Structures are given as structure tokens and as C-alpha cells.
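First subunit A sits with subunit B, and in the next complex the same chain sits with subunit C.
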Partner chain A sequence: MSIHIEKLNYVYQSGTPFSHRALTDVSLDIADGSYTAIIGHTGSGKSTLLQHLNGLLKPTAGTLTVAGNKITPETKNKELNELRRHVGFIFQFPEAQLFEETVLKDIAFAPKNFGKSDEEAEDLAAKMAELVGLPASVLQNSPFELSGGQMRRVAIAGVLAMEPQILVLDEPTAGLDPKGRLEMMEMFERLHQQQNLTIILVTHQMNDVANYADHVLVMEEGRLIADSTPQEVFSDPKWLKGHHLGLPQTTAFAAKLADKGVPFKNLPLTEEQLAAQLAELLAGKGDEQHG
Partner chain B sequence: MNGIIDIKDLCFRYSQENEKLDLSHIDLHVNEGEWLAIIGHNGSGKSTLAKAIDGLIEPEAGEVFIDGEKLTDKSLWNIRKKIGMVFQNPDNQFVGADVEGDVAFGLENQGIEREEMHARVKKALEVVDMQNFAKHEPVRLSGGQKQRVAIAGVLALRPKIVIFDESTSMLDPEGRLQIISLIRQMNQIEGFTVISITHDIDEASLADRVIVIDDGQIIDDSLPEKLFQKGEQLIDIGLDVPYPQRLKLELKKRGIQIPAEYMDEESMVNWLCRSILKN
Partner chain C sequence: MDKMLLGRYINGDSLIHRMDPRGKLFLSFYFIVIVFLCNNWETYVLMTAMVMLFVKLSDISLGFFIKGVRPLIWLILFTVLLQIFFSSGGHVYWHWGPFTVTDSGMTNGVFVFCRFVLIIFMSTLLTLTTTPIEISDGLELLLKPLTKIKVPVYEIALMLSIALRFVPTLMDETTKIMNAQRARGVNFGEGNLIKQIKSVIPLLIPLFVSSFNRAEDLATAMEARGYHGGEGRTKYRKQEWKRNDTIAVILFVVLTIALVVLRK
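After this line comes the complex of A and B, so read on.
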């Protein structure tokens, strides 16, 4: 279920005095089963790009092919239904979209809508609830009695119940405390690993990019300015600073050590990588001290 | 002995059907000019406590004094003039058509004279460094800029206490650092008493004092550096473990001996450099 985008252009309110170009000649590929992070500032075109992935917007020029469905400026809205089954979207604060009487019914809503019987849909819903870590005891409760973190899980289970192959996450951890954030990111990682979901994550959290993504896209003023790996993007702190982007905590910390003369083979991205390199350096010196 | 905020044995529950109190026997004293951080995991009662201070909820028992005055139905409106609040989502706080109008909104509501209003709006926008954006529309601003405008709106009203309720949690890293440094400036240079409710370890580390709320109770009240020694327990009270602590744990796993006392980032960098670059 790969994504192929070629020379995608999008202009808001095209042909009016308010016309505003949001995407310019964006071309990229997202591989099946990959974990892609999209970073960039507010207004860089990230959201406009995302909205093309399930046909909420259609290109002004250029094409995209998502899971075998080609979308061009001429594509009819009716033809987008097939696409939408493949791409699950989780927006910021998805819990705001809950509405059913019980958790189970809320999760089962989408599969019912896509033609499953009540029984099939509810079986699927129970399975998805388990997948996102909701205890079975809450399935018959009203979703509005749950904590914020659990409500968000219900909303996510509802998206998963459509059995999408691509999951698009737009700052999914906004507003959660650090523990909730970690649990949520670990849950997506599990889905990525176990269900082989292709994940596309829009985030400001560079730690998450370093810890989870294998592919990074950097957007600026409607253009794609980098298409690379976390390792490569974060190896150039100057370039990032020039584009007002941050570093993962580990890389920032290691850069400070490197400035003072600590010889790193390459700038580490995660705590484990940094600790491993430091342990090696410290052990070397330790031997000399005691020897 | 009177503080700017004095809370005595405050109890509150959202619904009479709740068996448990949502705020339970809270005693809190805040000195004028102090920066107090309130931390706790989602749902611990942090924001409820802020609401109690601003008189947005009615306690079941106990008393709240603001600037020496007891919070009652009668004193409520006078007390609210002394307290400004900045919330989480910058988009939910914009009411004006442009930046200037937004900052002026609260002043208009209080019937401040036109000339005085102009002067206050100008000063407030200068403090938050948004004077060049006075005529801009909110949609053209970044999250951090919007939050600065929200803060200017609060400043223009000249409160004594400013409460930041997770005001940095939805911002990008650059915006987050801008707001944290602005909070610091407001506390240290402008002299406001600051209460920041936060999950952000950088924000909490700048406070004079940190209280931890869990299950509607104050379970800890200490200096930030003392609190940060708790290591992994911090996760349970709604904070992240400070980076140097996390790195320490990883190094310990690999058999590296590190001094036990708390180290901030700078002292950790220095310790590592000394140990690695020795001889």
C-alpha cells in the first residue's frame, strides 16, 4: 500500500483574489510498511499534504497514487470512497469526535457504515479495543465517562476498525502528559510492527522522530526541502537551526559534548545509542585509570 | 504572614454523586512575586485547583484568600481583576479581529478609557514583543505568537497573579521556549506572581517551588532540584524524567559508576567531559 506523489501542487481558492499557493511541486514516495515522520512549521503545508492522502483535497496539478488509487485534478469525489477505506486519519484531539452511547457502538460505527453486519462490526470493535489497550470492562460504558487518554483510545480504535493499511497521525499526543504520550507512541509502534501498518506521523516532537521513524520529510513554505532518514537529517544541526527546527534531546546533548571535544563516531539519536557510545569511551579511560 | 494566595482546608467535588473529593483538604500559601509550578498527571486535579483560585468553582468546604481578601460571591469580581489566566489552546482564546483588538478586548469590557486603553495595549504588546504585529489577523500567526498575544491581553488588565494552564503544551519547540522565557521575564522583571500548571520539565525547573497534586491532594511541596532527584517516579506524577537522569539510568545499566547526586544538564556535560577527556 505504497504512496507515490508526483509534482503535486495545491492552490487554495484558486482563481480568486484570495488565491494562496499551499503546495509547490511536491514529489515523494512512501514505502509499504514504513514509518514516515513529516516535520515543518505551522503553515509549511504539512496539513494540506495530509489532506490529499485520503482525498479531502484534490490536487490543483500533479497526481498522487495511494494504495493503487490514482488521484488527479479530474478525479470524481465518488471515486474517492475506495481510497478512504485504506487510509485511517487520526487528527488532533480525536476524542472530540466521539458520539455513541457506548464505547463498543462508537468503535463499531465506521465498519457498519462500510457495510459490515452489526455482529461483525461489534466483533471487530471488541478486537480493536483490545489492540489499543482498552479494558473489556469499559466496552458497555458511555465513552464520555472515560478519562481523556482512554477517550482518545476509543477514537483511535474507531479508526482502526475500518482496517486501514495506512494510518495518518496528526500530532496524536497533543495535550497528554508524558506518561500518556509514551504509552500512545508505544501503542502506534506496536500497531506498526504487529499489523504491518504504514504510519505517517506529523509531529513537533523530534524525540519521537528519532525513536520511531525510519523516513523523514521536511516541509517549508509548501515545498519538500528534505526527504531522508532521521540519522541523516539530525546529523546536520546547523541546517536544522537554519530552518528553525529542533534536535532530539539526545542529539542536542551529544552535540554539546562534541563541542567540548568528546569524539563521537556519529551523532547519536536515542538515549541507548548515546549511552552505548559513552560507555565505550568511559570504559577505555577507566582501564587506564585503574591499570 | 498574609500571602498573595492563601487556601485553607479546601474541599471540592464536581458532583454530589462522586464518592471521592476532586480536591481534598488543600492547604496552600503563595508569596507575592513567587513562581509556583503545579504538576500532576492528567486528571489529578491541577486545573481544578486553578479554577478554585479564580473562583470558577464553588468549594464544598474551606476558604480561599486572594491578596488578603476572602473569596465570596461578593468579592468574586474584584478578585478576578487580580488574576489573569492563559490556557492551553491558543486558537480558543482569540476574540479580536486583529492582534490589537484582541488585546484591547478585556479592557473594553472593563470600561477603561480610550486613551488609557491605547497606552496599555501598546505597552503589553511591547512586553511580549509583538508590537510589530498590532494590525495582523490571528490566522497569520504561529501558535507561539498567538499565545504571546493571549498573554498581552492578560497583561493589559494588570493582574497581580497570572496562571498559565498548560500554556506551552500545544506549541512547537521554538514557540515553547519563547513562552517559557516570557513567563520568566514576567515573574522576574515585571514582578507578577506566577502559577504554572505544566507537564514540562523545563518550565517546572525554573519555578521557585513545585507542588505535586495526585488524586486531588497535595502530595509534595519542594524545590524543583529536590523533586527531580526522584528519577523514574516523576513519570507517575505527570512529568518526564530530566534528560541527565535518564542518561544516568542508561549508563548505570551498562555498568558505569556515576555520582548519585542530582546533576543538571550542564554539570552532567562537564562530568562526562572530565571523565572521558582526562589525561
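After this line comes the complex of A and C, so read on.
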């Protein structure tokens, strides 16, 4: 279920005095089963790009192929439904999409729309509720009685219940406390590992990029300015700073150490990598002193 | 959503933009009243010329005004047809049952059409050249005398400005929730009538919920900043009556006199 995008252009309100170009000649590939992070400033075109992935927007020019469905500016709206079945989209603050009387019904809404019977959908819903860590006791409650964190879990379960092969996440942890954020990211990582789900994550959290992604896309003013691995993108703090992007905490810490003369082989991205490199360096230094 | 132009402000610095909102509001209403004085070709030509002059002065292209007419075109055509088929008097061109097409009916049809277009152009001119906040401030000042007879003018103006302020927010929210539900397999505007009505529920309920939440947040935020009703509240944006406004008023007085002289 790979994604292939070629020369994608999108103009908002094209043909009016308010016309505004959001994407310019974006070409990229996303491999099946990969974990891709998209970073870039507010207004850089990230969300516009995401909305193309399940046909919420159609390109002004260019083509994209998602899970075997080709979308061009001429694609009819009816044909987009087939695409949406494969692509789960978790929006920013997804709890805004809840509307049913009970949690269970809300989670079952999407599978029902995509042709599952009531029973199948509710079985699926109960399974997904468990997967996102909702206690069984809340399933018959109104979603509006839940806490903010739980509402978000309901909304996420509602998208997972479509059993998508591609999961698009638009800042899924915005507004959560650190514990909730970690739990949420660990959950997506589990899904990625266990179900070989292709994940596309838009985020401002460089730590998440370093910890989870294996592919990074950097957007700026509607253009794709980098398409590589976290290792490579974060190895050049100067370039990042020039584009007003930050480093993961660990890498920033390591960069400061490097400035003070600690000879890292390459800048570590995660705590484990940092610890391992430091241990190696300290051991080496110890040997020198003793030797 | 992007086709909604009615009530959209376009930034500019024309003569019309710089007028006092109170003057613009009052004259726009006044214009609607005096449009009804027109009853022959001369008066309609005069009014059309005036409106075209204002459009020219506003530095906004005519296209925006024509787009303002579009949402109401069916209502206008319906009224015009009523006039054409049900007016009596004058030379009869065609006759069938209760329907008659006469020359005076045709003329009336054209007049009604002109009247609609003139009124829409004028109100579009007001909203295109005046920010919503200026309109509600202006309305508040114009209606102030009514506080004497216990009309809740401040509350009305506040409700108006909050409503206007949240139109774009609500539209964004609608797009967002529509997208989210589309991604969950809802097809808006497809299928039979029952299906379509059903598809509105997943849109309306989240919108209501978020509107109530927002209203509560807004109330808290206003109280936290010391809002306690309009009484004794001072204004950051002062509206000033300038010479241009006086000239505009004089122009309208002259226009009224001309209309009274020219009409049958």
C-alpha cells in the first residue's frame, strides 16, 4: 500500500482574488510499512498534503497514487470512497468528530459506512476500544461524558475501526499531558509494528520524529525541501536552524557536548543511542588514562 | 464555502472605506427606503447611475457586486415572473387563464429586477467596505437613543459582533468536521433525501457541542477581563464624523429631491 506522488500542485480558491498556492511541485514516495514524519512550519503545506492522501482535496495539477488508486485533477468524487477505505485519517483534536449517543456506536460508525453489518461493526468497535485502552465500562456511556484524553481515544478507535492500511496522523498528541502523549505514541508504534501499518505523522515534536520515524519529509512554503532519514536531517543542526526547525532534546544535548569537544561519531537521536555512545567514549577515555 | 461573498470585507482605502460607519449604515438603509420612490425610467436610471458612482468610488471591481446578486437570483426571477404574468393594464400581448402578459407588466418586471439589484448592490457595498466590527459599533451608536426606552442596545450590538466574528470560525469548523466525517465514510450531498438528511447529523451535533463549549469559554474570558455589560464601557475604536460624511448626506438629500421631482 505504498504512496507515490508526482508533481503535486494545489491552489486554494483558485480563480478568485483570494487564490493562494499551497503546494508547488511536490514529488515523493512513501514505502509500504514505513513510518514517515512530515515536519515544517505552520502554513508550510503539511496539512494540505495530508488531505490529498485520502481524497479530501484533489490536486490542482499533478497525480498521486495511494494504495493503487490514482488521483488526478479529473478524478470524480465518487471514486474517492474506495481510497478512503484504505486510509485512516486522525485529525488534529479528533475528539471534535464525536457525535453518537454511545462510545460503542461512535467507534462503529466508520465500519458501518464502509459496508460492515451492525454486528460486525460493533464487534470491531469493542476490539478497537480495548486496543486504545478504553475500559469496557465506558462503552455504553455518552462520549461527551468522558475526559478529554478518553474522548481522543474514542475518536482514534473510531478511525482504527476502519481497519486502514495507511494511518495518517495530524499532530495526534496536541493538547495531551506528557504521560498521555507518551502512551499515545507508544500505541501508534505498537500498531505500526504489529499490523505493519504504514504511518504518516505530522508533528512539531522533534523527539517523536527521532524516536519513531524512519523517513522524514521537510516542507517549507509549499515545497518539499528534504526527503531523507531522521539520522541525516538531524545531523545538520545549522541547516535545521536556517529553516527554523529544532532538534530533538537528545540531539540538542549531544550537539552542545560536541561543541565542548566531545567527539561523537554521529549525533545520537535517542536516549539509548546517546547513552551507548557516551558509554563507549567514556570507556575509551578510561582506557587511555589507564593505558 | 469559498463562494460566499455576501458579507465579506475587502480591505481598501477608498473614499467609501473611509466614511464613518454610522453614515454608511444610515445611508444604506435610507437608500433602500428611497428606492421605493422610483416608479419610472428616469428615476431608475438616476438611482442606477448613483449606485455605479458609489461602486466606482469604492475601488472594488464590479464582479464582487454581481457575485452578491447570485445567491438571490431565484428569488428575484420568481418575483419578476409574478410581475410579468399577473400585472394588468396597458396593451395585452398574451392571455391564458389567469395569466396575462401586458406591456405595463413587462415594465414592472424590469423595475422590480432593478430594485432588487440596486438594493443588493448597496448592501454589498456596505459589507464590502466596512468591517463587521465597525458595523456593529456603528449600529450600537446609532441605536443608543433607544436605551432610553429600555431597548437592550449594548446586548444587541454585542450579540451581533460576536455572531459576525464567529462566522468564519464556524465555517472553518464545519469544513474540519465535514472532512473528519468524510474520512470516516460519510458522503455529503449524495444518495436519496433520507440518506442526505442522515448525513447531516454527524456534522450538526459536533458543531453544536463545540459552539456551546466555545460560548462558555468566551463568557469566561470576557468576565476574566472585567466585562460587566455595556453600561459605562468606553470604546477603543472611536468613530469620527468627517466632512465626507456630511457631503454624502447632502448628496442623498439632493437625490431624494430629484427623485420626488422626477417620479410620476
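List of remarks:
Here is the rule we use: the second predicted complex is superposed on the first by the 283 of 291 C-alpha atoms of A that agree within 3 Å, B and C clash if a C-alpha of one lies under 4 Å from a C-alpha of the other, contacts with A are read in each partner's own complex, and residues count from 1 in each chain.
Everything that follows uses one rule, which is that a residue touches a chain if its C-beta (ideal position, glycine included) is under 8 Å from a C-beta of that chain, and two chains touch if they have at least 3 such contacts.
For clarity, every value in this text was computed on a predicted model and none was experimentally measured.
Of the two partner chains placed by superposition, only subunit B is touched by A:262; subunit C is not. When both complexes are overlaid on chain A, the residue A:172 reaches neither subunit B nor subunit C.
In the superposition on chain A, A:18 makes contact with subunit C only, not with subunit B. In the superposition on chain A, A:204 contacts subunit B only, with no contact to subunit C. In the superposed pair of complexes, A:42 makes contact with subunit B only, with no contact to subunit C. Of the two partner chains placed by the overlay, neither subunit B nor subunit C lies in contact with A:59. Comparing subunit C and subunit B on the residues of subunit A they touch gives the larger count to B.
Touch criterion met: A:114 reaches subunit C, while subunit B stays clear of it.
Applying the stated touch rule to the two superposed structures, the subunit B and subunit C interfaces on subunit A have no residue in common.
Residues 12-13, 16, 18, 51, 54, 56, 78, 81, 84-85, 87-89, 91, 94, 96-99, 109-110, 113-114, 144, 158-159, 162 of subunit A touch subunit C in their complex. Partner subunit A is touched in their complex by these residues of subunit C: 2, 173, 176-177, 179-187, 190, 201-202, 205-206, 209-210. For subunit B in complex with subunit A, the residues that touch the partner chain are 41-43, 88, 142-143, 166, 169-174, 199, 235-236, 238-240, 243, 246-247, 250-251, 253-256, 265, 269, 272-273, 275-279. Residues 41-43, 147-149, 174-180, 182, 204, 206, 244, 246, 249-250, 253, 256-257, 260-262, 271-272, 274-276, 278-279, 281-283, 285, 288-289 of subunit A are the ones touching subunit B in the complex.
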